[in-house]
Structure formats: C-alpha cells, structure tokens
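Data first, discussion second: the structure below is written as structure tokens.
Chains: A, B and C, in written order; residue numbering restarts at 1 for each.
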Amino acid sequence: MRVHWRRMLEVAGPVVTRPFLFVSALAAVGILLSVFREFAGLHAVTALNDGYSWGLFKNFNVTTLTALGSGGYALALLTYVCNQGKYHSLMRTALLTSILTYTAGMIALSVDIGRPWNLFFMADPWVWNPHSILWEVAFCMTAYVMIALDFENLAPLLEHFEAENMPPLVRDVAGYAKRFVKAAYPYGVALALALPTMHQSSLGSLMLLGGTRVHPLWQTHLLPLLYVVMAFVMGIAFVELVLMASCTVWRRPIDRFMLASLSNIVSWVTAAWLMIRFGDLAYRGQLGAAFQLDFYSLVFLAETVMIAVPALMLRARGWREDPAKAFPTLGILTLGGMLYRYTPTTIAFRPGTGYHYFPSVPELLISIGFIALAVMGYLFTVKRFAILPATLEMSVLASTKQIKKGQAA
Amino acid sequence: MNVDRRTLFKIVAAGCAGVAGVRKAHAAAMQSNTEQLGLLYDATRCIGCKACVTACSDANGLTPDTGSSNGLYQAPESLNAHTKNIIKLYRSEDGSEWSYMKQQCMHCEDPACVIACPLSALTKGDFGIVSWNGTTCLGCRCCQIACPYNVPKFEWSSVNPKVVKCELCRQRLALGQEPACTAVCPKRAVIFGKREDLLTDAHKRIAATPGKYYQDRVYGEKDGGGTQSLYLSHVAFSKLGLPDLGDKSVASGVREVSDNIYQHGITPVAVYTALVAVTHRIWSKHLKHSEKEAEELGLEEQL
Amino acid sequence: MAAAVKKGPRPSVIWLHYQECTGCTESLLRTSHPGLAELILDLISLDYHETLMAAAGHQAEAALQNAVKQNAGKFILVVEGSIPLANHGNYMRIGGRTGVDAVTEVAKSAAVTIAIGSCASWGGIPSADPNPTGAVGVQEVLKGTKVIKLPGCPANPYILLGVALQFATMGKLPELDAEGRPLFAYGRTIHEHCPRRAHFDAGRFALQFGDDGHRQGYCLYKLGCKGPATHASCSVNQFCEVPDAWPIGLGAPCFGCTEQKLAFRAPMYQTIDIARPQPPASYPGITAERGSISPLATGLAGLAGGAILGASAKVASMLKKQKPADDEPEVKP
C-alpha cells in the first residue's frame, strides 16, 4: 500500500520524555549563561575579540541555522508559487522548523548584541540606516518572525483551540481567527516569501562588508544570490531530514515518493548553484586558488565535495526513493551547505592582524542551549498539535478514537 | 474580506513615497558641507617617541594601557578599548628596513563603518570626522567587520560597551585647538590641517625628494575611496599595515549591490505585490480542494 | 688604584695652555675625589702647569725643559686651549716660540697626549666664525700622534682624572670612539640619558623661558636643546659636585659644547633634527598574535559534533531497518 501523506496529525505520546529532559537541561544551561552574559559582558562568556567580532552567535546561530530554517520559505515557494499542491501536508513541519530556528536565532542575536537596551531604536525610523545590510537583515528577520511566521503557524494552533473539548468562548475566538487567516493567507504567505528572499540574500551581502578580508574564493558580488539559493536547498533538505528522523523515531509511515520528489528538486537546484559558484570563480579568475591545497583551498574543496557529491548521487532514482540512502546523503549536503554559509563569515575571514578565534566553552554552551530550546519547542509542538504529515488512514483512525473518547466522556 | 487589488497598490505606493520622503529628509540632515580636516603622517620623520600616544590618552581621558609592562607604564600593544592612537614598528626580518607607523582612525571619505551601522551610531559629521554616538548603538560590531583598517575597537569586558576610536579630538577642535597628537609631535611628523592643504604639502615633499617616498604617492589620496588621514612612507604601505584597497571604497561596493537590488524599496514592494497576486489564485484553489476533502471524509478542515 | 699608584713613582704630567679661558683648569680645581691637593701631592707629579706653578719667566721655561728631558717618553701631556695657525702661528707666542712649535716639540717626548676641553679637541670658541686666528684643535697640529680628546666647555674634570689615572696605574687607555673621545664618557648623547627624557617622551615641552612648562622642568627640546646630537656625560656627571649643576638641570637648553658642528655654530635656540636611531624591539609590531583557542572548547565542539553525527547514524540505521514493504509510485492519471 502506497504511503501517501495527505493530512497532518499529532504525534502520540507524552511530551516529557528522557530526550526532552536532556534537551531541557541543555537549554537551561544556555539560558542561565545568557543571563550571566547580560551581567558580565561579552568577554566573560565568549572568545570574541576585535579581529573576530562576530562569532558563533551571529555566524552560526543566525547565518547558518536560519538557512536550515528556510524550509518554510522554500516549501511555500514550491506550493504557492510553483503550484505544487502535493507538498501541502509538509508545510506545517517546514513552517514549524522555520519559526523555531528563527526564534532561537533571534534570541541568540539579542544575546550577542553588546547594548541590547537600544533594540527599541529598531522601531524609530529617524535613526534607521537603510543602506546598512545588518539593518536590512534585522528588520526583515524581525518582521518575518513576528508577523509572517507567526501568521503562517497559526493554523494548527487555532485548530487545536477549535476542538470540541474547548470552552465555547475559546472556540468562537479561534473560529473567527481561522476565518481571518483563511482570507488573509495570501498576504501573509507573500510576505513570508518576500521577506526571506531579502534577508537570506542579505546575510550573504553582509560579508561584502568584509571586502578583501574575506578570502577571494568566497568573496563575490554574487554572495546574496548564492546565499539565498543555498538557503532554499538547505531548507528543503533539512525539512526532509527532520521528517525522516521524526517518522522513524515515532514510527510513522514515510511517504518516500513525496520526499523523493523534493530530493529531486534539491538535486537540480544544487546543480544550478554549483554552476553559478564555479562560473563566478572562473569569471573572477579564482579557479587556480581552489586547487592550491593551502588551508583555504582545502576548506573550499571539502565544502564543494560535500555539496556536489550528494547532489550527484541524488540524481539516481533509487537513491532518492530509499530513505535509508537519502538521509545520510541529504545530511552531508546539509553539512556542506552549512559550511558554505559559515565559512565567509569566520573561517575565510582574515582580519589580518594576527587574531585567532575559536568559540569558548560558555559560548558553545549558549549556542547549543538555544538549539536545544528549538528542539524542545519542536518536541512539544508536534505532540500537542497537528504538524507532522500523516496518511488519510491514520487521520481517520485518530478521529474515530477521539469521537469514541468523547462519547465515553 | 477581499481587498481590491487596485486599492492595495494605492496603499502600498503611498507608503513607499512616505518612507522615501522621510529618508531623504533624514539624509539631508546627516550631511555636512564643512571643509574636510585631517592628518598627514610622514613615517620618515617619525622618531617613535610616542608622545602622541600619551597625549591622545590624556586628551581623551582614557585609562592608560599598560599592555605588556606588568602595570608599570603605558605600553599599548595595539589599538583597543583604551587606546585610540598607537605607534607601531615595522622591521624587516634582517633588520635592514624599518619604519614607525602611527595607527588611528583613517576618517575615510566614504566610510565603510558608517554604511554598515544599522542605527546610524557612526556618522561622518562636521569636518568629515567619523564619530560614534552611543545613543542608538546596538553594540552589534558591524563597524568592526566593515572597517578595512581594523580601527573601531569594542569594550568587550564592559556591560555598557562603547565603540572606541580616534575622533580627531573633536572636543579640542571645539576649543580651537589642534588634535593632541599633532600638537605634541616634536618632529612635526604628524600634522593637522585641511585635507587639500595636507595633500599639497605631501606632494611638495614628494617632488622635493624624488625616490624617497614609496611609489612617490600619498596613501589615502585615493585609496579605499580616499581618507582624511594621509600617509607618506619610505617602505611599502602594506608593510605598515595599510592594505592595498584600490580606488573604490568598500561602501560603494556594498551600495552597488544593495541599491541595485532594492532600488530604494521599490523592488520589495513590487515583488510582494506580484507574490500576492500569484498566491491568491493558488490559495483559493487549495481552499476549495481542502474544504471538499474535509466534507467527503468527515474530518476537520486543515488549512 | 690608590695602592697601585702609591707603589711606583708618581707619573709626570705636563700641562700646556694655549688659546683658552682656563675654564678646564678651574674645573679641575673643584674636584673632591680626588681633591686637587691629593691629586698633585699623592697621585701625580704635576711638573708643569702655568696656572698653578709658582715659577715665571725663564724659570718656568727651564722647568718645562727639565720636566720634558727627565720624563721623556713617560709623561702625560695635557693640552688646554686651541692652537692658532693663521699668520704663521704668530697669534700665540710663548717664550719666543709659536704655540705650534712648542706643542710639537713637547709632544714628541710624551707618552700620551690628552686634549682637554673643546678648544684643544677641535678649536672651541676661538675657532668660531670667522676664526680670525685660524684656531684648530691639537690633533690638527700633531697629525701623526693619536690625541685623546675630552671636549666640553669646560670638560668635566672627572673624565680627565679617569683617563689619566687609568693610564698612570694600569698603563692602558680607555676605549675611544671614531673621534678619539673615550667611550665611557662620550659614548651616548645627552638625550639618551637625560633626566628630562620622560617629559620628551610624553610630549611635555617648555615653550618659553619662564612659562609653566619651564617652571615644571619640562623638556627643553623645543627651546633649542642640542642634547639629541651631543655626546657628553653631563647629564649623569654634574659639575662642582652639585646636583643639577649643568645647563639642562638649571633650565637652560644644552648648546652642544662638545660637538664641533653645534657649539658656537648652530644658533642657541634653534631646534635640531633628531637622528633616528635603530629602534629597540620593544615596540608593538604591525601585527601581533592575539586571541587564543581553548582546547576545552575544541573538545566540547568535537563532542557536540560527535553527538549529532552519532544520533544521525542511529536514525539512518533505523531507516534501513524500516524497509518499505509497499509500494509502487502512483501512476499519474
């Protein structure tokens, strides 16, 4: 029987499990250290210095992880612009990963900022510097998280509050809100498509500021384009990875053909990305530098291999349609993409004055803590709300159980 | 609820014009048309006495940086949160070639830090001086990433961190005095004046002693779009830590990309409008389909 | 040294005066270790000294001839004052002979010739423009001999005492620089060991005599101090054994009295160029290593990475076990 994802369904089981407690502990450590940072200054918890002023929080939690969280953006693009309606059942998972990674990233950003009390000035147009790429990133990301993503993630929440065991007032409000969402959805989705296009590309433009201090193998005027396309690729790949892992762990059937069609798209778009990347390198005369086998060349080759080889392997139908093969392949592709996003900001960034940087232990713990927070959010939400895709049969079965439970009550 | 598409366009266009108007007024207020002042540092005249380092520290009320001296005396090792000006030494491996180097803010004509700062905490103001105002500063350190000379420094250990860099002793200029470093230099190795006058002076020196100065040119005349801190040296500028930037400023490269893409906000609005149009159609189709499916299966409708 | 001196016969010193102000002798009179009495009674035999000796006229001449003859090849010749060359040396005649002849003859038998003071070292004030008498230092007259020069106006007497007594007791001469000046006294410039150097380094200068900076003892460079180009020991070895009894100590800029190029030539209050000496290594380099990598952090990062890879491997193996029992892809209608 063909597994066919048509609807969304909560995961059965308690929220508080051993893994949940483990990530909660990690998150607690991260949060405590963040609070400490507010009282002790950045030097106390990070290894940031005047040469490498951006480190793990900005370059990893924001630049790299929000690329992983671009699944909502990528799938919305496929579903609502390219009219691939079959991905509807995956939308909520993608949107959830997006809101979680983005929120965790924004919190990390506010911990990283040295003078957070001035964040209020983001709302004062008189002091905006619209030419500043970071302004564009912060503005767009905030709007995205606070407006677009919240809006898009409302549906499962509202459906939960529309359930029959809720008090009538709550059900009425939820019903009204749901009607609003239905009517306004295109405006919300359009925003959720425009904003990430802008800020994911701007995350690339950020490193244009580095000028010659970013190694020429990465520094290019095409950084915004390369970043946004890679975000698209990584977003889909990450959603696939999350789905495969979640369905395996919680023993739900995997619609491997839907995932295979996504992997197909990932593979082709990656090919296009590689063409742009190498075309740009050739145009700028940097192909030689790629093979010099010095440190930077090796990083470049590693990242390219981790991106190109999986993309090539995913050309094979057998490889796409077997989750056991697709999972590690997409995993390596995702790691390669993460390396690509992270490298121009840190590894290939040379302040040129003898500075070194590697995150300190508290810095790592805070970063891990925020990732853990996102994981906590995921574990909680998929078990309380209808997020993960399911087959029609499962939905019917669950609904029958619910009716029986209601009748018994 | 069906907002007519035409009305939507009107609202959006009005919003755009409003924002553009606000920003233009803001930009005009930020510009200043006063003459540009700067420094000329001649590395061949500097004797490394470091009077400028202590004078700067005094004039700006900075805590003395005892660096590597075990707290005994002022010995900064680099620009940092309490050193706005420093004398460094370049010496070749065999010791045959050496030069002092005075490092402080270059006060660029088209500063990268100014274009990078999201809330306009760094601005190029009177006399072309690039200065920092803590009122709106987020402490995001974009300026540190942007500056090709690694000038802005950050108070990492403070809970109220400031961005620290040379501001050409604005407080002294207001009193009609020269910046502390130029006032105190016993050899007139670093002098203060109008940028155009300094360039004239520098070119006179080059003409008077052909072959003495590296490449017979002034660093900062055009480098990185031009700077107001100018340098003359007998050794290669790159050996003194002055990078080879070409004539284009970092800021202009960034502006090219962002302005070309965003076209002052027109592109995002146009893209958004187009997306609304496209998704509206597809969403309506999906709604019909999901409503039908929910009815047929007797299940709740899932958006 | 005193013991060594007491052992043998006191060395003979012959002191000649030419175009001089006698300042160097006067300076010598004001020493206290050894004092002049101890010097001429116990340590040396001052056999001829025009200022200090009692004799005059023919007696004095005879004393000189005797001293030269008796101590030939063993006496220390000290010359004070410059020697005029113009007009066949006739601007200086003592006892019927020109200074040139006199010094040439006496120096022939000297064991060592010391020129004390700037006048004897290079001409001093008599040689100032237009130098009407053609005054030159002793070395110019005694071209073949190596003359030890102790310039200064006056020279610090302890330099002479050091040189003379070292020669008298140990038979050695101190190391000399290229100009024949003892390195122990003339090896460094005033600027290099000036007590006001900290003010120079901190940029604190007296700008006018009597101004605030001058009263506070700030550096006198901007008032024309020639210290940076003047080799001498005045800053560590003051005169008359009174602390700060030297020009800079008294608030007057050094005028470079030991240097032929500066004294009586360069304007008193004109600032000079400071020579750029090879800098020491204590300056910060253009680039300096900063920031460190904590091994604990790398370990933690490795651990986190390993955990993620491990979990992924677990999921991959679970996926493998979950072999799809289904399914053909749907055929599109």
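FYI, contacts are C-beta pairs under 8 Å (C-beta built on N, C-alpha and C of every residue); 3 or more make two chains touch, one makes a residue touch a chain.
Keep in mind it's a predicted model, so treat the numbers as computed, not measured.
Undergrad: Considering A-C alongside B-C, which chain pair is linked by more C-beta pairs in contact?
TA: Ranking B-C and A-C by C-beta contacts puts A-C first.
Undergrad: Closest chain to the protein's overall Cα mean, using per-chain Cα means, please.
TA: Answer by centroid distance: B.
Undergrad: Between chain A and chain B, what's the gap in Å when you average each chain's C-alpha atoms?
TA: Here the centre of chain B sits 31 Å away from the centre of chain A.
Undergrad: Taking each chain's centre as the mean of its CA atoms, how far is chain B from chain C in angstrom?
TA: 48
Undergrad: Any idea how many Å lie between the Cα centroids of chain A and chain C?
TA: 72
Undergrad: Spell out, as numbers or ranges, the residues of chain C touching 2 or more other chains.
TA: Touching at least two other chains: 287-288, 290.
Undergrad: Give the residues of chain B touching no fewer than two other chains, as numbers and ranges.
TA: Each of 78, 241 in chain B touches at least two other chains.
Undergrad: Multi-chain contacts in chain A: which residues touch at least two other chains?
TA: 49-51, 352-353
Undergrad: For the complex, give me every residue of chain B touching chain C.
TA: That would be residues 47-52, 54-55, 67, 75-78, 86-91, 95, 98, 100-101, 184-187, 239-241 of chain B.
Undergrad: Looking at the complex, which residues from chain C come into contact with chain A?
TA: Against chain A, chain C makes touches at 287-294, 296-298, 300-301, 304, 312, 315-316, 318-320, 322, 324, 326-330.
Undergrad: List the residues on chain C that touch chain B in their complex, please.
TA: Listed in rising order, the residues are 200-203, 205, 221-222, 274, 276, 278-279, 281-288, 290.
Undergrad: Mind pulling up the chain A residues that touch chain C in the complex?
TA: My answer: residues 1-4, 47, 49-52, 244-245, 248-249, 254, 256-257, 322-324, 327-328, 331, 352-361, 363-365, 368.
Undergrad: What does chain A use to touch chain B in their complex?
TA: Going through chain A, the ones touching chain B are 6-8, 38-44, 48-51, 53-54, 79-81, 83, 85, 88, 112-116, 118-119, 121-122, 124-136, 138, 155, 159, 162, 178, 180-187, 189-191, 193-194, 197-198, 201-202, 205-206, 208-213, 221, 224, 351-353, 386, 392, 395-396, 399.
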